[in-house]
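In the two complexes that follow, subunit A is the common piece, with subunit B as its partner first and subunit C second.
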Partner chain A sequence: MATLTEPTPTKNVIPPSTHPFADIIHRLEAGGSMLPDTPENLKQIIGIYKAYAVPMDFYWRDLLYIAERVFLDPLPAFKYFLPQSYLDLPNHYAGDTADLRIWRGEAEAHPELLEFMEKGELGKKLPKIFHHLWHDRVNMEFAEACKQAMLWHQGMGGRFNDYLYTDEYKANCDQAIAAYFKGNPLMLTLHKHFPDLFYEKCRDLSYYSNLGLFWEVMAPVFFEMSDIYDEGGFKGVPDAMDFLVNGIFAVAGRPIYHHVYVGDECFELVPKSKAFTWLYEAALPYVEAVFYRTAPFRGTKSYNAQAHEVPGDQKDFHYGILYADVFPVGSAGIPPTLLMQDMMHFLPDYLRDYYDDYCRGDDDVLIQLGITFQRSMYNVTSAVIQALRTALLYPLDDPNPEHRLANRQFFEAQMDRFLRPEARLRDIQSQDYR
Partner chain B sequence: MLSALIWIPIAGAIAIFLLPLTGAKAKSAAIAVATVPLLWSIYLFTQFDLGNAGFQFHEFLPWLTALGLNYDLSMDGLSLLMVGLNALLTLVAIGSTAQDTKRPRLFYGLLLLVSGGIAGAFLAQNLLLFFLLYEIELVPLYLLIAIWGGDDKRSYSAMKFLIYTALSGALMLAGFLGTVWFSNASDFTYSAVMGQSLPLQWQLGLMVLLLVAFAIKVPLVPFHTWLPDTYVSASTPVAIMLGGVLAKLGTYGLFRFCLGIFPDAWALASPYLAIWATVSVLYGAITAIAQKDIKRMVAYSSIGHMGYVLLGGAAMTDLALTGAVSQMVSHGLILALLFNLVGIVETKVGTRELDVLNGLMNPVRGLPLVSALLVLGGMASAGIPGLVGFITEFLVFQGSYRVYGIQTLLCVLGSGLTSVYFVILLNRTCFGKLDNKIAYFPKVTFSENLPAIALAALVLFLGIQPNWLVRWGEPTATDMIAALPATPPTLTGSVELADLPPAPPLP
Partner chain C sequence: MATIVDIAVNTEGFSTLVAAVQAAGLVETLQTPGPFTVFAPNDDAFAKLPPGTVQTLVQNPPQLARILTFHVVAGKYTQAELLEMGQIDSIEGAPIPVRTGLNNTFEVKNATVLAADIEAENGIIHVLDNVILMG
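The block that comes next holds the complex of A and B.
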């Protein structure tokens, strides 16, 4: 049985919180995570970060490929068939060529990913089309659903989305569209008479690029966390969270842009010079859109909007992984089964053994790892909350009671979002939630 | 040839009592023992002469001749089907037993004793031998319910079962004694004509005694009150034996001894029997709808379905009686399937309450195969075409409609009500969303599923190929109907004791 080792609280200068999640708030105030600090939790979240990072290494490459190369292809049947050049694309945060080397591994696609792409779950090298049609592949549909959530919710702060509606952006799009459809009068005529059609598609593709650039960072972060854990480097969940907080600040200024390549020519739809940065234009909108909001999953559960089963206001949506019923028939806004399927292929042995010991072992491993993923995302969200607190408020050990109270109010406001019954924050406090 | 069906289970039971076997080994041994009578029954099916409507494979050993009690065995189509059903469901019951059953040697031994005794009762050609074997079940069954019962009321339920069945036995003994004495029979050897020499009033009186005796065993309303308590308290394998086989001893007795020995009285009483059957069908179905416990719901459904058997017998047509005999088998298979599945649900989920169960069809954390088979069992019980329940009920209705139109239509309505409560059961149990706060049910292993899979396959196969079921009982049913009077007799005048033939001196 795992033992709970809470972070050592700093000296109390304000009275205890009376919030329903007071225990968790006190843990956050002590520098901890929303996820209890147990060896079991640490093992689960690090294992799943690794399993998530491998397909993520595909996601970010393919998202950039679609945004940059597939672009406005009206029949993008092969957009998931990643060319070698994108598999070789060096990650900016790994390998010898890194701008900032977060992961000590190589910059090219991860070896486990390459092996899986070659043989798939079948374990046989077949023409790529067969693996694709058999769904024996990385499920980009999950990544696209995340992108769709970011596009659809918009208005979550930042300037990126506003820029997509400026004349400057439209002019950039016009240039790229003209070059892309050169010699195609049908499409050019269509764009002339119905310009919003391709503008909207370009905005969509700009979010492809946005998310691709976000995950380009996260994949090496998770790989490095896995390596550190394997070396015995993390002592607890707060250590893992602190690594994420440090990572967030280290890459916060990473530019977010959208370049399109038509032949050898590059069109900057969202130029780097606009100074959109990773933390505010990608990370925070991503967390808000994917972890919290997303949309009711079109699974087997029906939602009746007329009966107010779906909130009228998008900001009240609560279908993200932090609220998700991880059962396949559940309510997660992203197609959870696809991500679970992807992660299952890359589970570290210790996590596979762990799942074998609980519930139905291999038979319900998708659900077990989905719930682990939920735990791990509560830890990532904790890191984001702590990073925001660091950026906007005061240190945790600030001696000024007013500052500590401001921190308290910030944490309580964050926890208010988990008061609704669908939130899984209560569930993840128990190790029995699997 | 027939003795093997009785003595192999009994010898196996004694061996299991005596050998120092642990849980899993005791179960394997019991399965091995129970497989032999099943294989032997299959062999008997292959050797059975369908052209001969009478009794076959005769075995006779004088025993207590002074008492008129002899070891006299034989079988016709009715017995053959019942013996086959008994052998199959014994194996299913043992297969449905949890590995961690307490005192496994005693449990399996008692189960095999019951099986051997029931086989003997179905084969007995001596009324006293039938009575002995009928009564001898009581002790092991009482113990099986009282010791291994699944709830706090098991002692009460076992005692209730004991009292009812003992009363049934007493009435039966009175009926048999009266029949033998008043018919001047030299011993208790079964003869289809032994009751026909008696005046109709006496036939009627004796038949009523036997009718009540067997109605308790079936059970039919209003003698049913032991059934819900007993079925619910009994563990899954015992419930399978009770509902699948023991109840058939009641309907077997109705046809063999009431209809067989007193055809005139049966013909006279048949309109009332048809009404009785209808009341049982409707009562069972309506009461089942009101249940919150799925095992109790299945138990009440059993009362309703046994009503079809009585209706088929009351109609006195070849088709209806053939349907009734087939319905006995069909009901045994479906009820065993349902009890097996309900048992798995209870073991894995920890409850049988409709208000708690939900979403078991969930493919990952639910019990998807169990749920699918439960849907199939419910459909079979509701008489959905393509499954064995349909064909047997259809035969009964087809055969009885021209004789008892209104009663038949009401029974068809009862069949519709079966759909109602099974839709309620399936909708609440299998469908909907599985609550993942409680959905940590253990996995159902293949060996746990195997009995239900085998039964479901049989339910499906016999639904598609009903002749494999119907042809065995058809000659016997035709023969029984031929013995019935062409026109129902009427009660006229009064009977003086002096009119009766003198009773033979007591041995």
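The block that comes next holds the complex of A and C.
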């Protein structure tokens, strides 16, 4: 089987696009990314993928820990205290025991993550509780905000969400709830009289599992991209995008499920046999919920919903990273800022030096890396767009004009989403946007 | 007359499809009287998928079965009947659009039919040059 490398299309099969983003559409049609192909962009996005992959290695493990073990704990004060068993949990797509060995990373938690967890920003080995209370830790709040976006937006394709409202799912929940609260008449009575309370919490936890399983794949992909770049392997931004496209296909069929463990017993809230897949039930809803939609983050900017400053239709929400004004997001305690803080701890030296040379150097490094992150996510979104085009439409060099026109219409429809003024697609075309 | 599975097994160029149908546990289903309409991607179609795609699916039979059942329709439909309908629901649940392409080609979603209306005892087969995916 051949790796996807996009050939240069033959020209003039169809007339040029007249879309406001025609230049970007023509770039996509030539196998490029929404992000311009410059060495500076390549350096930025790969550096940030690496800085993202380290905390992501924590996020996916903790998301699964919360979904599988913390479960319905009414006071989950220690849900971010990841036990050793989850740090050792072998990644299904890295290490010698991997189901599919495309990416070279190790199966266990990344050494840089373990070092940070031990000493934190303080650089001192203290009991975990002190690092936690000082907020000197990996910030799961960002991961939970992403999960919340997926839970809240719901109907974004795939069949995962529909299943969470079936009698079959509720029956699975009943079994797990009965086992989890065995010997706790208060909670069991509560469940008996107000069953939707715990069902809804279970749905929430099923999305924890969904996102955890999604990121379990992305962490080794980003580590591998960083390694390839360090070895001089990527020639440009399109190479990095094609690598992501191949990765999306490779794991498209990975099962998405939610298992709960009470003691040694496993309860399958969402069994693997429901045939939910990484591509349809996790990746595509994730991109829609997190990259495009989300919701306004508290502490950034106030909107008056009664004055229709917030769209009436959830599908029109546009508060994701592709639309974000990174500057006000840079205030303390806001989930995207917490992600920036997480990534700052693991920046490769070349990116740290790069930020030192611009703007206010170290003083506004969070904003600078936030904008780099935005660039990198435009590249990931480009990979998703190209993967969808590959899966659902036609090759870029297809000689059939009808097919080429179908590709064109698809690309134009995707670009329509960036016509609204908040979109940052125009900004990322320039290197001066930082 | 041979069943859909018998034809696939005994025709050159369908070894990946046959292996996939076996891995997904769909052989017995496709041996029943049906009838079914099967859009059958050939080996070249599967080979177009990036590395790892088929391996991951084969490791996970329910997920593989879902992709494969997107290639199967309940009932026996010839090319002419399908083109008249324009769209038909797969057993997976998602719809499959069909149309006449440039130069009178028979197109099923983003695949072109290489050989249409292959009669089987329990249905009909149309050979595709692409694996089709939902969405």
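Rule of thumb we're sticking to: the second predicted complex is superposed on the first by the 415 of 434 C-alpha atoms of A that agree within 3 Å, B and C clash if a C-alpha of one lies under 4 Å from a C-alpha of the other, contacts with A are read in each partner's own complex, and residues count from 1 in each chain.
Simple rule for what comes next: a contact is a pair of C-beta atoms (placed from the backbone, for glycine too) under 8 Å apart; a residue touches a chain by one contact, two chains touch by 3 or more.
Small disclaimer: the values here were computed from a predicted structure and weren't measured.
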(Q) Just to be sure I read the superposition right, which of the two partners does A:434 touch: subunit B = first, subunit C = second, or both, or neither? (A) first
Q: Examine A:99 and indicate which partner it touches, taking first as subunit B and second as subunit C; both and neither are also allowed.
A: second
Q: For A:366, decide between first (touching subunit B), second (touching subunit C), both and neither.
A: first
(Q) If we overlay the two complexes on their shared chain A, which of subunit B and subunit C does A:275 touch? Say first, second, both or neither. (A) second
(Q) Let me test your reading of the model: by the given contact rule, A:253 touches which partner, first (subunit B), second (subunit C), both or neither? (A) second
Q.
Looking only at contacts as defined up top, I'd like to know whether subunit B or subunit C touches more of subunit A.
A. C
**Q.** Contacts of A:388 with subunit B and subunit C, given as first, second, both or neither
**A.** second
Q: Check the residue A:326 against both partner chains and state whether it touches subunit B (first), subunit C (second), both, or neither.
A: first
Q: Going by the contact rule at the top, pick out the subunit B residues touching subunit A in the complex.
A: 359, 362-365, 433-434, 436, 439-440, 442-443
Q) If you look only at subunit C, which of its residues touch subunit A in the complex? A) 46-57, 59-60, 62-67, 101-102, 109-110, 133-135
Q: Note which residues of subunit A are touching subunit C in the complex, please.
A: 1-4, 99-100, 102, 157, 245-246, 249-255, 272-277, 280, 388, 391-394, 400-403
Q) In the complex formed with subunit B, which residues of subunit A make contact? A) 301, 325-330, 359-361, 363-364, 366-367, 434
